[in-house]
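Structure incoming, see below.
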Amino acid sequence: MNIAFIGLGNMGAPMARNLLKAGHSLNLFDLNKDILAELAAQGGHISASPREAAQGAELVITMLPAATHVRSVWLGEDGVLAGITEGVPAVDCSTIDPQTVRDVAAAAAKQGVHMADAPVSGGTGGAQAGTLTFMVGANKALFDTLHPVLSQMGRNIVHCGEVGTGQVAKICNNLVLGISMIAVSEAMALGAALGIDSQVLAGVINSSTGRCWSSEVYNPWPGIVETAPASRGYTGGFGAELMLKDLGLATEAARQAHQPVVLGAVAQQLYQAMSLRGEGGKDFSAIINGYRKPE
Amino acid sequence: MNIAFIGLGNMGAPMARNLLKAGHSLNLFDLNKDILAELAAQGGHISASPREAAQGAELVITMLPAATHVRSVWLGEDGVLAGITEGVPAVDCSTIDPQTVRDVAAAAAKQGVHMADAPVSGGTGGAQAGTLTFMVGANKALFDTLHPVLSQMGRNIVHCGEVGTGQVAKICNNLVLGISMIAVSEAMALGAALGIDSQVLAGVINSSTGRCWSSEVYNPWPGIVETAPASRGYTGGFGAELMLKDLGLATEAARQAHQPVVLGAVAQQLYQAMSLRGEGGKDFSAIINGYRKPE
Amino acid sequence: MNIAFIGLGNMGAPMARNLLKAGHSLNLFDLNKDILAELAAQGGHISASPREAAQGAELVITMLPAATHVRSVWLGEDGVLAGITEGVPAVDCSTIDPQTVRDVAAAAAKQGVHMADAPVSGGTGGAQAGTLTFMVGANKALFDTLHPVLSQMGRNIVHCGEVGTGQVAKICNNLVLGISMIAVSEAMALGAALGIDSQVLAGVINSSTGRCWSSEVYNPWPGIVETAPASRGYTGGFGAELMLKDLGLATEAARQAHQPVVLGAVAQQLYQAMSLRGEGGKDFSAIINGYRKPE
Amino acid sequence: MNIAFIGLGNMGAPMARNLLKAGHSLNLFDLNKDILAELAAQGGHISASPREAAQGAELVITMLPAATHVRSVWLGEDGVLAGITEGVPAVDCSTIDPQTVRDVAAAAAKQGVHMADAPVSGGTGGAQAGTLTFMVGANKALFDTLHPVLSQMGRNIVHCGEVGTGQVAKICNNLVLGISMIAVSEAMALGAALGIDSQVLAGVINSSTGRCWSSEVYNPWPGIVETAPASRGYTGGFGAELMLKDLGLATEAARQAHQPVVLGAVAQQLYQAMSLRGEGGKDFSAIINGYRKPE
């Protein structure tokens, strides 16, 4: 299949590599010449613009850092919509606000292009291993069309509803995640201060009503879960800056929808304060450091 | 076994009934004459005071509403410590602050009485069915002594550490629970406002990193989990006033331990505001009503 | 002076009227035909677009609801910058985010137009009476040029620094205001619940360290300040929706600047919840109703 | 006048000194022998217990750190009520929760002693200079009786209502203060990050609706107010630990009164986090350091 792949950063590059390995022909675009050269050496074709990449492609995939990039890559003078053929399926895998997705998809629809949003979870590790989860917003026919290709980059392809709902699912999930990580941090730090053994406390929570992914799989207290970032100095994992970005998307989407998200907003501010202290590069579970005496 | 059982409210009465059924002889005390009469009819012996109940008992159990009652029942002139025999094991099953437990246990220890704390979860339903979870703070020997009797009232008997750690475990767990229920409420309400199907959103969260007991077992959006209070008008379950009490214990214990609990404190205030609106009698998952347009 | 005035809503229309009264010639533009007709009857000239209004004008003033309008009115195909003469001074009086102001001003500067931002406070009453406060971001020369005209619409013309700082001043002030109104609400409601006379409590606060504009001039407890909205059913004044908008600008600007604003974010959410309850049309001091038992 | 003065800490000792200077005869009690010796050298009489101090006194004054001390000093076996003569006026100047004050006053009333609460503001500087503010909860007759003596230790003697309302006034005022200091900190730090001159911003706020004691008199940004702690490294002034204590009293009183105090609770947690970082000894306006990049 001839696929346009635009956006070859930490996530996009390994995703594109998996498509090359699967035997697809790729038109590549990115502002970074080095990564273009590297992927060309692995069989991709370098395009001069998103427009050029989209020309003749049977599928267009984009993976970009933020809404402004999505707008310019799709709607700009040399953008995807200037080059894409009517009827070609398209999917944006960026994590951005639902409204931008819907605006861009509406513009695409005007020229006969059905567009999906499919933000991912699983991090750079999942992108490399081809085990990402895709949360897909698309009509049923488009979802069925995209499914085989997304499956070559991910393991879990979830249909969330019409275009935009992929973003909604992701930011709502990460809203719960960002809050519950702080909840577990407060509880583990409080428990330690009150004299309970941390392993025992984690055991109680995990077999009771406080149980959550943040306590079971990714406990922020060092040594509770051997494979969690907390047990290796809060390196690797899901960076606090990324959580901060996603909570920013959630609160901004909530503002536009006139919905309160009280704990979500406080959580965002706490990660922002963590970032200001210079700890934004650590895994987001390092938020617990704000609850422990500095050493 | 001759057991003193003091405090026969919504929780204490069914617990005492289960001990009577198991064949124990019970010295009962409560301020409510009706419940005393009822339990006497089922084989219990009425005592005139905690002191009298404790006299001659081989085990003392108390189940009281708040720390002030625990102090007076144990330390008062006619209290348990005025009547209890040296060496007799004792356990308080109330949910109160860890400091009070430790103060009372220290007073008991001075006269040769080892005391445990063993707050429960499982509600009145669990108390009746004998399926409570006991979170026990006690030295190992005392824990082993208490285990058979507690097992006649509950199914899950967890040893959390020395006296006081039962309370610590319970308030830390409920701290996470109280917060994560609000997190899920904010996410479910936001998702609905942004146009995703609620069942789909719950599915995404439950198979992803936002997964928690509040989303899986007790989802606050009506109709997601058929057995959850949300699917029956927020009746039954764990009342918001009880959650409010437990978050009050958590933030107060945190204050004494000089620990911040930012989200915990906000959560407490949100349940307090819910209570002020007159909704404190509903299940605590009705906190989601503050995130939905009033009908 | 020949002035282009674009945006004739609740604030813009009375401001334009004051300029007409002062003897200026006005090129008017708005999407609302009725208000255009009304102001034309008072001597203004109707323009077909912002571009046309700007053509030949010696000064351009815009007063618009939000950043998207500012972008399109200034940068659109038929926008101000398509018609304005090089060297003509320009000022946007809208309350929007500082970044948009700076983006538009940078575009204006490219064609030799110096642009200021001058958001106002004082409400529709101040706009009619010509007693607004203008917070002006502009270089000194532009500020001096604008001063006489702004003085015909307002009483207090404050120079805050370079372009964009007018918005910064306004959102920072309103950040403090939005928070302190809730602070006073919590204190007045708590005091009443604890049995102190509200008038006495207000007196203590106002002569002590809790003193603030929200307690002295605009106390949210009914009957404390006779001229405050609280004493007339929370009508008139500064609507909660406007406060919500300004706190949204503050938290969004903070997000872009990587600054935490914890209480600001919580305050925004509390006004958002108030709005969801259907009370957004009331004066913002009605936030106190969330702290009092519903009647 | 023969006065019992119990509690000779940082506040109590200079207050007692002012009474000695005014010519009163003082029965002194404290656990600190050194301060007793020092004040004895200045003319006071050392008592062996609160009871002994109260015996024969025509007025009893206490100034203690926390509620537990107030309970034991007044109600203990060797406490004030064991020694005081019926009809003698009494006043507690400690800052504690209103409920404890009311409990102790009720016990005093049972033996014919009218008791007032009169917490102070003004710090150790005010205690030394005799310029404290006393917030007095007492019936009118008792207030009139106490007024002349309190005036020898303070400048501003405010009648807040019946016993307990002195505490209510103080904690409600400090609730507003603790919150508004954070509000001003967030606004000043945000403004700086967004490029406005801090002196200009403070000027705008102080002449507008954000105006408050924290912005005008005690601005947390260094160099804005020369006499504020911010301009001398956050030394002197009102320690963050004291603010933390008062916010703890406010949220605990709110809990007992079933009142939400959302921003108050968040503010408490932010001061708690500041304390955990080891900055609790600084003036409370150093809360702004959490909003600025560490140097």
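Think of it as A, B, C and D in the order they're written, each chain with its own count starting at 1.
Everything below uses one rule, namely that a contact is a pair of C-beta atoms (placed from the backbone, for glycine too) under 8 Å apart; a residue touches a chain by one contact, two chains touch by 3 or more.
What you see is a predicted model; the values in this text were computed from it and never measured.
Undergrad: More than half overlap in residue numbers between the two sides of the chain A-chain D interface, or less? Answer same or different.
TA: Mostly same residues: over half of the interface numbers shared.
Undergrad: Counting C-beta pairs in contact, which comes out ahead: B-C or C-D?
TA: C-D
Undergrad: If you average the CA atoms of chain A and of chain C, how far apart do the two points sit, in angstrom?
TA: Here the centre of chain C sits 37 Å away from the centre of chain A.
Undergrad: Distance-wise, how many Å sit between the C-alpha centres of chain B and chain C, to the nearest whole number?
TA: Roughly 51 Å separates the two chain centres.
Undergrad: Any idea how many Å lie between the Cα centroids of chain C and chain D?
TA: 39
Undergrad: Which residues belonging to chain C are in contact with no fewer than two other chains?
TA: 254, 258-262, 266, 270, 273, 276, 290-291
Undergrad: Spell out the part of chain A that touches chain B in their complex, as residue ranges.
TA: 98, 121, 133, 135, 156, 158-162, 164-165, 168-169, 171-177, 179-180, 182-184, 186-191, 193-197, 200-201, 203-205, 207-215, 217-218, 250, 253-254, 257-264, 266-267, 270, 290-291
Undergrad: For chain C, which residues are in contact with chain B within the complex?
TA: So the residues of chain C touching chain B come out as 266, 273, 276-278, 290-294.
Undergrad: Taking the touch rule as given, give the residues of chain B at its contact with chain D in the complex, in rising order.
TA: Counting only chain B, the residues touching chain D are 248, 251-252, 254-255, 258-262, 265-266, 268-270, 272-273, 275-276.
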